[in-house]
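Okay, so chain A shows up in both of these, paired with chain B first and chain C after.
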Partner chain A sequence: MTAHAAPRSHWVAAMATLGFTAVPADASAHLMTTGLGPLFDGAAHFAMSPEAMLPVVALAIFAGLNGVAHARAAVQFLPATWLLSGFLGLLVGPLGISGAYESVPLIVLGSLAAANPSVPVWGTASLSILLGIAGGYGLGSEPSGARDGTLAVLGATLVAFVLVALVAAAVLKARWDWTRITARVVGSWTAACGVLLLGWALR
Partner chain B sequence: MKGTLVRSIGLVVALLLSSAGIAEAHVGTGGSSGFLSGFLHPIMGLDHVVAMVAVGLWGAQLGKPAIWLLPVTFPLVMALGGFLGLVGVPMPGVEIGIALSGVLLGAAVLTESRPPMIAAAILVGLFAIFHGYAHGAELPLGENALFFSLGFVVGTGLLHAVGIVIGLLYQWPWGKVTVRVAGGAVGVVGAVFLWNAIA
Partner chain C sequence: MVSLVSHAGAHEIRPAYLQIDQSSPGRYTVTWRTPTLSGMRLPVALRFSEPVRNVTEPAERNLPDSIVETRIIETPDVGLSGKRIEFVGLQATVKPSQPWIEFSANPGPFAAARVYFASGVHHILMGLDHLLFVLGLLFIVRSRWMLFKTITAFTVAHSITLAVATLGEVEIPALPLNAMIALSIMFLGPEIVRVWRGQTSFTIRHPWIVAFAFGLLHGFGFASGLTALGLPQGDIPFALLMFNLGVEAGQLAFVGLVLLLFAALKSIEVRLPRGMELLPAYLVGGLGAYWTIDRVVAMLGGLA
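Let's turn to the complex of A and B:
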């Protein structure tokens, strides 16, 4: 190797490495890539996240079992706060708190759906707002590294709205005992999952 | 020349190591396997299967409100047991408790026992904690926690549903005999497990 060869090999190595590191790649923690754009990515992200879906289902069951006023409160307040909190999460980013908190909405809302207590409408509205804040922020903060998180948050919110509306309507229309019991069993299973998830987190 | 080449390779390796990879935490991989292994966990143990089916049988035999109260409350109480097992709270005699659940629940169905609702609920709840504890202590590391839990709870719930559906035969005279025989079979299986647990 000549005197020129050593600097040349360094130069080649440096350029090759620069080429490797310059290749752009998405950070895809917790994300879904559908190929249909960020709106559908956000929707799919929600649909593939049971920790986000199950509390929404439990809230919808709880609201539906309590009557039409409660169902309306859930359908109105949950998506609105989910959207706003999602945008906040998008701006601020992940908070880095313990994963054990994910079990809290599952346990609380699942237990309420299973026990079916009578609460005032403002109670259901408050629960909807709290879930919207927690769930929206959780999903919204995850796409903060993506190209268009705004549309992803909107997509997730739309699916949350459709889910809470459909489940609440189905439970409202449940006339027979066994259909209402089935809904409560789903609530019980949700709470049970939450308790186990808490155990996993504290393990 | 050799030293230069080694330095060049070292430089390339060091820079490659510093290059950023793709973060792929929780992109959805493993979810289905977590659900499946959780679903199979309660189904693959005969001692659990017979006890869960017996709960459904007894609930159907007792009628309302037990027929709907048990499937609503049992998963929650069992999850509490699972929680204790997961966090490592010591509980002696778990295997004996599980085997006893088969014996006593089977005997209750066989003899058509009708204790007060609260007594039945306490008995079933106690056994639910034993079963949940055993599952919780055995849960494998590395699975998707929520998918595994979902599969586990759904599998247990479906075993209850099997018991309830069989128990619905109780409304016919021949069905009463069938349900009681099923209870007796549960008791026998429980007795075998109890023998193994004590011996």
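Let's turn to the complex of A and C:
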């Protein structure tokens, strides 16, 4: 379609994506503009933030490996606390703490998914709540003032909910040893990513 | 255009964003957003090739994480076709293979197909009312075969009206159309309640007929998205096909994701708490009612 041939047309001409190195304390920002509105911007923000997404995957693997009750606890508590904490982050704004703390959920949940220890259901529920508070606040505090933060938080929460539900259910359905081992390997990689992030933040 | 710095070690991605909307022949609104880091803006500026000129000077708005620059430009000849926008300074910060974009005067069929396909996907994903109607249908259908029939009927119906409306055979004013689309969503709320109570109705027995009937309405809504985009003269059937395929792809992706989620929640044995089992019905019906009232008020306001 040419602009000449299509008067009154409405088209997005280009989206330029630029990457540049940043100091670790600021390394969590992912200014996302999908062109689809704040709901999808929030969802894309989550999807483009490995430090937010990988702990959710690790939690889902850990919960799925431990059984239905654990998976249910993760699916129920994580999105609820993520949403509430996201709104809190929206109101309060960034806390300005070191980026090194972002590596903690990756290391802890990745290690738990890899080691697959047996814990009570309330333990999984507590981990879900803690991750929801940390992850939701981190993402919720970033879009404040820039776009419609409420919808962005809702978009990120929806993706977190879908992700934890799908991964936990997939791991729960894993019948063969090798599929469970694969899931635990993903957990160990998540922990390794956390260690790398920690090293980067403390360098 | 994606350009990555060669020494990028952080995981950070801060995209700049350029949007150009054509407001009238030869005149465009340009929105250029650049990210800021520690109060410093990304040192990249726009430069338009001759004879593009500014109608209004760039107006800047500071946001906490970015600077948004808005201006109106115009071209005296054939619009932006064949023109180039350079990103001045981009070559100093990254290693781009092409620090500019060019608006092709004669885009190939693949480029045009991509534009219309992406617009179709964009339209369905932005159309929360269309998605909510499809979601309502998913709560009503009771078997895979019925699901197939219902989604197919909705697809066939909106494809028919999308085609006739785009070709100018039938025209429905936007305000009453939007009110009727909202009404179709509200209609599904009580039907979901009936399903949950184990009752039956014509809609529950034959959801595909209802999907077909209301799909005709939704197709007119899709047509508004396509006509707003603009149609290439002499290539309307092709644009129509690609736009429709984009709508179907977006719709199928949505249906697939919802079905996967339903299956996952079933295997995890997640159920809505006691007393909240009808939440989906209230969500669909309530939003449908809200939109219906809102759009009827807008329609009556337009008439007054």
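Going forward, the second predicted complex is superposed on the first by the 174 of 203 C-alpha atoms of A that agree within 3 Å, B and C clash if a C-alpha of one lies under 4 Å from a C-alpha of the other, contacts with A are read in each partner's own complex, and residues count from 1 in each chain.
Operating definition for what follows: a residue touches a chain if its C-beta (ideal position, glycine included) is under 8 Å from a C-beta of that chain, and two chains touch if they have at least 3 such contacts.
Source: prediction; values computed, not measured.
By the touch criterion defined above, A:T150 lies against neither chain B nor chain C after alignment on the C-alpha atoms of chain A. Of the two partner chains placed around the shared chain by superposition, chain B is the only one that A:L198 touches, whereas chain C remains out of contact.
In the superposition on chain A, A:V68 makes contact with chain C only, not with chain B. Applying the stated contact rule after C-alpha superposition, one finds that A:Q76 touches chain C and leaves chain B untouched. When both complexes are overlaid on chain A, the residue A:M48 reaches chain B and chain C alike.
Annotation for chain A, partner touching more residues between chain B and chain C: C.
Of the two partner chains placed around the shared chain by superposition, chain C is the only one that A:F40 touches, whereas chain B remains out of contact.
In the superposition on chain A, A:V185 makes contact with chain B only, while chain C stays out of contact range. When the two complexes are overlaid on their common chain A, residue A:S126 makes contact with neither chain B nor chain C. Looking at chain A, you'll find residues 1, 5-6, 9-10, 13-14, 16-17, 20-21, 26-32, 48, 50-51, 197, 200 touch chain B in one structure and chain C in the other.
For chain B in complex with chain A, the touching residues are 1, 4-5, 7-9, 11-12, 15-16, 18-28, 31, 68, 71-73, 75-76, 78-80, 82-88, 136, 139, 145-150, 152-154, 157. Residues 1-5, 7-25, 33, 35, 37-38, 42, 44, 63-66, 78-81, 85, 87, 90, 93-94, 101, 103-107, 112, 115-116, 119, 122, 125-126, 228-233, 239, 257, 260-261, 263-265, 267-270 of chain C are the ones touching chain A in the complex. Considering their complex, residues 1, 5-6, 9-10, 13-14, 16-17, 20-21, 25-32, 48, 50-51, 102, 111, 114, 177-178, 181, 184-185, 188-189, 191-203 of chain A touch chain B. Listing the residues of chain A that touch chain C in their complex gives 1-24, 26-33, 35-37, 40, 48, 50-51, 68, 71-72, 75-76, 142, 144-146, 162, 165-166, 168-170, 172-173, 197, 200.
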